[in-house]
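Heads up, there are several structures right after this.
Both of the next two complexes hold chain A, though its partner changes from chain B to chain C.
So, the complex of A and B:
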């Protein structure tokens, strides 16, 4: 508890240039100086009237709760279809800059679809496991519901997330527009290994072709080893049935792998010797390199972080104290450390990681910042528990150029101008 | 008629569910085993995967000339005349852009490593607003037309389960494994 009446100036320890404070100011409760003398008691706030909603009963009960109408701007952003005749190709992006914590509400989980969201009757839906198995099996939803279930909190990131930064020019978008193909939920379902073992995997099987029940019957080849490791056949998303835009009634969850492989509306798993070379693992979702070769089967989303606060659209209101907050994640493990910089990466200080820090889940980081009111370039840099460090943009470009389209994970920057406005910059 | 079909499907679904429930106790000695065995012949309508070796390709045949008619009727509105693209993906050309400093124009001809992928994708996903409506002959034919527009096969080359997997795509060796 803070001591009262002990006037002293607030002099927090600086940990990096341009106002980044030592994170201990969070941990030790040393966020403010003790109240000064009479001068600090001068009136600043308006007098307090009793509001109208305290004078009559509020609304009744609702069968399915909705956010406050005052939060009506907290919505996904939907890119217009390139062709009005082909609706359902596109994205709905999560408003990362308007959320906090790490769990994405189901109505705001990002959605990337290739042929719209099917309206699937769960009583008629079936999951088929066949191919190189001893006994092909069909599962109803009712049958799947009888298996022991597991839950895990897992991020899903579209391979194309942040792809707008594969350009020479900085981009005008906000965090949602640039990085919003990223969400995190608690997913609950049956271990895929359990179902595969029931069917009996033949020794020659090395891959599993997963296919959705959408109009495109979107399909991807997944290594069998991943399916036997931590893959889940998910029925629930944040406690309720998986949302239609995220795969109702069944979604395949491949923790840490690129979003497209987490096949929605899962209807079929075929065990094969080799990959099927589907459209979405050859013509799309391959990373073109400067020499004309392309990486194929780029499965894990590599270590990455972004700052959500401050960010474009969340203007700073005058010099002073701000929390820099953001999200860090790795498809290859747990976040070990996030560092922040306010001078474009010249000096860094460690941020506080919000518990729990889970493998292949979003991790919230926070760092204290005393903004001088002058220009700043904010960056974050994540390290995971395999030792992989998020690359600088220069390192990223040196390895693969800017033609890759997918799997962009370089350090990204927000430039803060003297008005407190934030915008994307390449630094 | 439609509602009758729906009711019929629902009855079938309920019957199937009832059969699984009835069968479950007999299997309970093996632990949690709730999958219903299905004979390979009964799942063939679902197995639409085509391997790069041609495994799964159905009977049928089509020539570029036959495919041109299918393309004009079913594909051109979105993919442009002769696969030039716009408003949707470009299908033809782009040669020389993949290994260059210019923007990469990834088409069936310039980028796709396997011709079998073309058949697989058209059959499962195209035409966009009425997927799975083309006959196997039509899918072979329109695949042949797109390959011919790209100069990958000749105007007289018919595509079928034997010839399609043998088509050597120009960018067949353009892909390397991710190093991490």
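So, the complex of A and C:
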């Protein structure tokens, strides 16, 4: 079988240096075909040989399906604390570089837990709303199921995601290791506002303390305004009941807010005048500044984007056409634009955003790239509909220094070498 | 703990007979709280007792997560042919009444297979494009991975879904048993048009025969126009690689077309002048009419809706507020409107459509309902953006008779009795 040669005859319009093509390539079939042709080979013998799996009936049906055994490497990477007594303290990261689209399948949604995943009997679980309310209320799962529901596709990102980039020297790491505390699902639940209005909010209430039913009793103070806005008490994740590692049977969803505030295994909401200064918002989840002070209560995750393809572990196989693809998001709203660069940020071209672009959800972006076979630095830069733009690494470090590990949202870089290997780089 | 009584003081505006409320209930928090209050109970002792699972650390992390063991009944229902030699011939149905939102988690996506699920080695799998093309091409998975991708959230519905309703007398059955050959996922893949344009379509080509790599070599003829429009050669389902029972490693996606045409385990696309009259489009998947003739090549699934909550198996627990929720879809485009009735179609009120409403995707609708405790017949009626309206059962039967089992899209009914039990009814 021979390689087809028509891509050699093709002279696409370049939109930025080092091979970034005009998005028009995606819209005009003939251009794509010419650009992409390096991927196919002319058919030799026809018909195709009949594979062994067509010669006998396949497997029967399963009640609950699983991925192909050939995809056994598409798993979360687990980084628990080393002590077996604390096995549930740590993270399990989403393999972003092995996924596409925007939805994270439930088996691969990232998991950051502070004392493991409790095995909660839903019939025994209760949600209490109390504190500065006219009438404390307690809800069973069955009671919650009677309330009006809403669904929304929303990302959740750990405040510590990408924190590994806030070091003086770039360390090895792939998209999963560096950025994998990020996932996106369709969440369905009851508006928290509905439940709070039923309890009756006292005028003095300004905060709500949310507590989880894990052994850590993970607790965060949430402004009442957020609870009355778009907060959901979620029962469903991508259609089915919330997964145990994501808060079964109830998770608080605070769209756009840092991951740990989306309290898992939600059991208690206490309305208060001020924040409770829980261990989880004082010993952790504050943004350390160069002068030793810290920002507390930094809630929304900032506008951000990452390139998932190409990325470390996905080697390019020779010069030619590749699609640059990645994810963009903002805790403040919708993504308005993503730009890509193949020369370390010297020149930029707009990427295509996959519709629908939803507020506080992951947005898949794509851009056509003709790799010359030479070195390249791939970057992406997101802008949201509030006008916020993802900062450069230099801008970020100038403001925050190199000590903090939370809310890192600077432009990140993959260096492509002449072998087509990608690696984490500071540029 | 006592029941709160404020719902008794509340007089909501009714939008249709037998308790269907105005959608405004969902928009005004106080109204929802009053309507929904029957679900909660006033808190007795505070604080809540500490459950056993908070007294010790929880489970550690898992590489690929699973649902809670308490959800072990949320599974597909399997209806294979009775002969063990044909274990892979039949269906596995999605438990629609136990899900919410619009995305079907991959483990529960319905599965209709004609000779079981082949265990395909992706490194050995090939896709051949041949027939009336300038240059036959063969693609490996790795080659396909280099092409530009698109993502879209799309329903797939088996042509035989709901066919159990096309009988003279209503039979017992829940939403899963009757309507469960219906699922929705975010699919990601390469535009088929891109691959066809690379091969070069001969002017005489008008059809494309798609063949699967199962032992049935499941084959369907697809109009070339559809292939050049929105067809995708999918590699990903809800972010991860397509599941084995849904076509791993490649599934053809023909948005809106009947399920079996979305050929699983896609291995061959042959461009032809006419349809090939494959066994799968002559012995099956034709629409039998009262006069003994049949419609062939009925591709798009018709505008349709079903109520998932309440539905058989989800008994109501006493008079009061309930949310009527369900799914609407059309193979022709977007859902424009869904109306609900609690009196068997004598009066109707519009439901709320969950945004975003996407073309050829499931749309979740919801409507507030104050159940009196008396008998009710719940129905939903969808209209799509082409103006097509879901027919009544009488209209459907008058045109099609009672012999066909495919493309049944009439309004369906759940009868609610005075105990709150729901059952399939013809009304």
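We take it that the second predicted complex is superposed on the first by the 400 of 427 C-alpha atoms of A that agree within 3 Å, B and C clash if a C-alpha of one lies under 4 Å from a C-alpha of the other, contacts with A are read in each partner's own complex, and residues count from 1 in each chain.
By our rule, contacts are C-beta pairs under 8 Å (C-beta built on N, C-alpha and C of every residue); 3 or more make two chains touch, one makes a residue touch a chain.
These numbers come from a predicted model, not from an experiment.
Overlaying the two complexes via chain A brings chain B and chain C into a clash. Of the two partner chains placed by the overlay, chain B and chain C both lie in contact with A:138.
Greater residue coverage of chain A by touch, when chain B is weighed against chain C, goes to C.
Contacts of A:109 after superposition: chain C is touched, whereas chain B is not reached.
Contact with chain B, but none with chain C, is seen for A:286 once the two complexes are overlaid on the shared chain. Of the two partner chains placed around the shared chain by superposition, chain B and chain C are both touched by A:147. When both complexes are overlaid on chain A, the residue A:86 reaches chain B and chain C alike. In the superposed pair of complexes, A:48 makes contact with chain C only, with no contact to chain B. Contacts of A:268 after superposition on the shared chain: both chain B and chain C are touched.
When the two complexes are overlaid on their common chain A, residue A:194 makes contact with chain B and with chain C alike.
The single stretch of chain C with clashing C-alpha atoms against chain B, selected from 44-52, 206-214 or 368-376, is 44-52. Residue overlap on chain A between the chain B contacts of one complex and the chain C contacts of the other covers 85-86, 115, 124, 128-130, 135-139, 142-144, 146-148, 194-195, 198, 215, 217, 267-268. Per the touch definition, chain B reaches chain A in the complex via residues 9-10, 13-14, 16-17, 20-21, 24, 32-40, 43, 46-52, 77-78, 87-88, 98-100, 104, 106, 108, 111-114, 116-117, 120-121, 124-125, 128-129, 131-132, 174-180. Listed in rising order, the residues of chain A touching chain B in the complex are 82-83, 85-86, 114-115, 123-124, 128-130, 135-140, 142-144, 146-148, 194-195, 198-199, 209, 211, 215-219, 267-268, 270, 272, 274-279, 282-283, 286-288, 291-300, 302, 403.
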